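Input: structures, listed below.
You will see two complexes here that share chain A, one where it goes with chain B and one where it goes with chain C.
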Partner chain A sequence: MRTSLLLLTLLLLPFNFLKAQAPPDPGDRLIGVWEPSHGKARVKIEKIGTKYYGKIVWLREPNDATTGAPKVDKNNPDEALRSVPLRGYRLLKDFSYTGTDEWAEGTIYDPENGSTYSCVITLKDANTLDIRGYIGVKALGRTDVWKRLQAK
Partner chain B sequence: MAVRALLLLALLVPTGLRAQPDTIPASDEEDYSQYDDLGFADEKAKRFAHPKVLDLSPQRFVSVLWDAQGAYTMRSSPRGSWPEEADAPVAEEARATYTGGLRVQANIPVVSRNSIVWQMQANYWDVRYRLSPTISTDSSAGLLRTLGDRGLRTTGLGTTVFKPLGETTFLILQASADLSGDYFLDDPQGLEHLRYSGALMWGRRPHDRLQWGVGLSRTYRVGAINYIPVVMYNYTAPNRKWGTEVLLPARAHYRRTFSPRSLLLAGYELEGQSYRIEGLSTGADSFEVRRGELRLRAEYQRQIKGFVWLSVQAGYRHDWSFNADELPGGNEFFRGFFGDQPFAMLNDLGGAPFAQVGVHLVSP
Partner chain C sequence: MRPIHTSLFLALCLASCGEPERLTYRSGPVPLVATGPLFEGTNTAQGTWSTGVEAFLVEQGHSLDQLQGARLVGATIAGADSSGLQGVRSISVQWMDGATGMHQVAVRNPLPADSATVVLTLANDQAKIAELLRSGTLTVVADMDLDADSDSDRHVIGSFTLELTLDR
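Up next, the complex of A and B:
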């Protein structure tokens, strides 16, 4: 009986220990489902390892108007990637939390023109992101405002 | 032994929980239907009309262009008071064997929010003339000689505000101030000679491929000041292969999209400004050439590398107006399409082919 109790305690202890010791990562506030300003897509941002990635999980028009087939990344400059479905496509890559509500060192891909831009993400409030894609320097860029989504 | 093994396992299990994949999963088995029925987490959040439609030619941050026209003949009347239809004598005539110069333009976003987009523009256009005089009478005021010696320049600042009113409606406000004349950058004319243009437009964006608007503008596009209605119609066909980029009356183009990295525009643009000629202006009175050009043109644009694009344009330049006005005290007046105020000089430019090549840094 004593051995069983000891084992149970030891089995549960590490979980409780982790829960108590690991404060919530402030960078994880980026995690969630977001809607870009054009409203044509929804992007799920998740953490993989220590970095953050965002993939398309919903398209307002999921099928190609001409072919009727699910949309693919047909504008990708790499011909080999032009048959990759857009739904599930990771368009935000490699973001690291730098503190002060900012995630940087990542890129954003625009499936409309096949271009990849440097990008910095700023959390304006719990439900609003500024996504700034830029070329070389931040001044040469454009900011899009994304809104957090949740189940109705 | 069994207890020890169990203890070891208990210690290792949480380590396994901490391990995270370093790479992106190759396959994705997610149930995407769970994202169909979502709403804004912030109940006060709104959707706004987007400033663009699909497949528009790329917006340019910075452009450097060279514009050149083929040969044509320029004629200039004596200085006087000439109704537009008068049969004024030719006081000066020259063959222009070269007309062209450098154009530098910048368009920088200042505020870029869903609820408002504000951009600032700057531009510098230089036009040089190489003229071979063929007629020069005693009654000539020397306008063509002055153009050959000094050329014309425009330096301007502008701003554009796109203000969505809702999910499909929007306002566009545009304003600019331009300094145009035969000045040189190291000796510019006074800011009292700035000329102001602007437009206000209300529009709708019913879907991702259509944006239209109507409004009113104050413009120098045909040389002299005018107040005219404006109509915008930016459209992309469902097959995404063609569309229109129209802002009447300033420009209208058919667009053929070959790929996201190359396209062709065919149509026209009106270009113009009121250019103060320093040597012909006396005191506060301003002598201004009302230069307006109709350019029928085709332009091919393509990506060179990354965000650097090339444009090559060719077409025919028709002289809409090159007449001149005397502005007492430098004060502008309105002639419009129907006014009968006489001109201070009647000038005529023959039509000419033109070409333009440019390199652009395009916007995300």
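Up next, the complex of A and C:
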């Protein structure tokens, strides 16, 4: 029995070594909590499957000024989804890492007007993102700078 | 008289032959887990759902190629243990696969206090549902707003009812 266990351990050792040495996915540098330039929200970017998604995890003003209730996605073009809470809302969807510090093929949603735009994310440095939203042509868009929320 | 009957019969036949067939499909329980530690606020539960739609269609004498459209007509989320959905303030459900991307399909906000099971409000826009079902395996993502921190995992169960439209 002891010999079998020893043999099994020896057999598995190289695999554990390989696993430990596996390089990190460069696309995962996008994962973290980020703050758009307006500072009104914080967005947590996570990986689900092979793609990247960002959801609102913090709002400077979490409650609606009129109702006092937590804000919801009241501008959603789909009326049935206007009760979705803004805190937790997935603004960034379906981004794939394309290499050279760029994530593309995704969309960004603007809850202020209920519009969804094509979007490209570029990592400028470890703590800065350029988020470019556009309709149709990438050149005709708007870029916002997001900063990584540093762990305190 | 006879020609009128014949025309009527032909018209009815053509009308019935042209109409697509509709079938109701109910998923089994789809287990979703949010891995702890969990924090007050939004947390993500997810699970893989092998839809079984293709096998169901074959069983009914059809094939997946005949799937013309699909609508989600019912969705519920239930707690997987005795605590039910205690402490869950809202739930928003998305379906996704690698090719089609993520689509929001249902929401419930707020949840009634101390619910064990909740019926979700369904999205009106369901244009991608059939495409998602054709892939066979989906990731179901449930964003849950929790009212307190917790060290342990949270298990919930999704159930979905679909109306499938098939070419004859």
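Quick note on the criterion: the second predicted complex is superposed on the first by the 136 of 152 C-alpha atoms of A that agree within 3 Å, B and C clash if a C-alpha of one lies under 4 Å from a C-alpha of the other, contacts with A are read in each partner's own complex, and residues count from 1 in each chain.
Definition applied: contacts are C-beta pairs under 8 Å (C-beta built on N, C-alpha and C of every residue); 3 or more make two chains touch, one makes a residue touch a chain.
Just so it is clear, the structure is predicted and the values come from calculations on it, not from any experiment.
Colleague: Which partner chains sit in contact with A:100 here, chain B, chain C, both or neither? Use first/second/both/neither.
Modeller: neither
Colleague: Let me test your reading of the model: by the given contact rule, A:88 touches which partner, first (chain B), second (chain C), both or neither?
Modeller: Touch status of A:88: both partners.
Colleague: Which partner does A:144 reach: the first (chain B), the second (chain C), both, or neither?
Modeller: first
Colleague: Between chain B and chain C, which makes contact with more of the residues in chain A?
Modeller: After superposition, B is the partner touching more of chain A.
Colleague: Between chain B and chain C, whom does A:133 touch in the aligned arrangement: first, second, both, or neither?
Modeller: first
Colleague: Give one of first, second, both or neither to describe whether A:79 is in contact with chain B, with chain C, with both, or with none.
Modeller: second
Colleague: Would you check which partner chain A:57 touches, where first means chain B only, second means chain C only, and both and neither mean what they say?
Modeller: It touches chain B and chain C both.
Colleague: Applying the touch criterion given at the start, work out whether A:37 contacts chain B, chain C, both or neither, answering first, second, both or neither.
Modeller: Touch status of A:37: first partner only.
Colleague: First (chain B), second (chain C), both or neither: which does A:113 touch?
Modeller: A:113 sits against chain B, while chain C stays out of touch.
Colleague: Do any residues of chain A touch both chain B and chain C, and if so, which are they?
Modeller: Touching chain B and chain C on chain A: residues 48-50, 53, 55, 57-58, 77, 87-88, 90.
Colleague: Within their complex, state which residues of chain A touch chain B.
Modeller: My answer: residues 3, 7, 10-11, 13-15, 17-18, 33, 35, 37-40, 42, 44, 47-50, 53, 55, 57-58, 65-66, 75, 77, 87-88, 90, 110, 112-115, 117, 125-128, 133-135, 139-145, 147-152.
Colleague: What residues on chain C touch chain A, complex-wise?
Modeller: Checking each residue of chain C against chain A gives 41-42, 44, 46, 89-90, 92, 94, 96, 98, 101-102, 104, 107-109, 121-125, 139, 141, 143, 145.
Colleague: In their complex, what parts of chain A are in touch with chain C?
Modeller: Its residues touching chain C are 46, 48-51, 53, 55-58, 72, 77-81, 83-85, 87-90, 93-94.
Colleague: Any idea which chain B residues touch chain A in the complex?
Modeller: By the definition above, chain B touches chain A via 3, 6-7, 10-11, 13-14, 17-18, 20-24, 28, 30, 32, 35-42, 45, 47-48, 50, 54-55, 58, 61, 108-109, 112-114, 208, 238-240, 259-261, 306-307, 361, 363-364.
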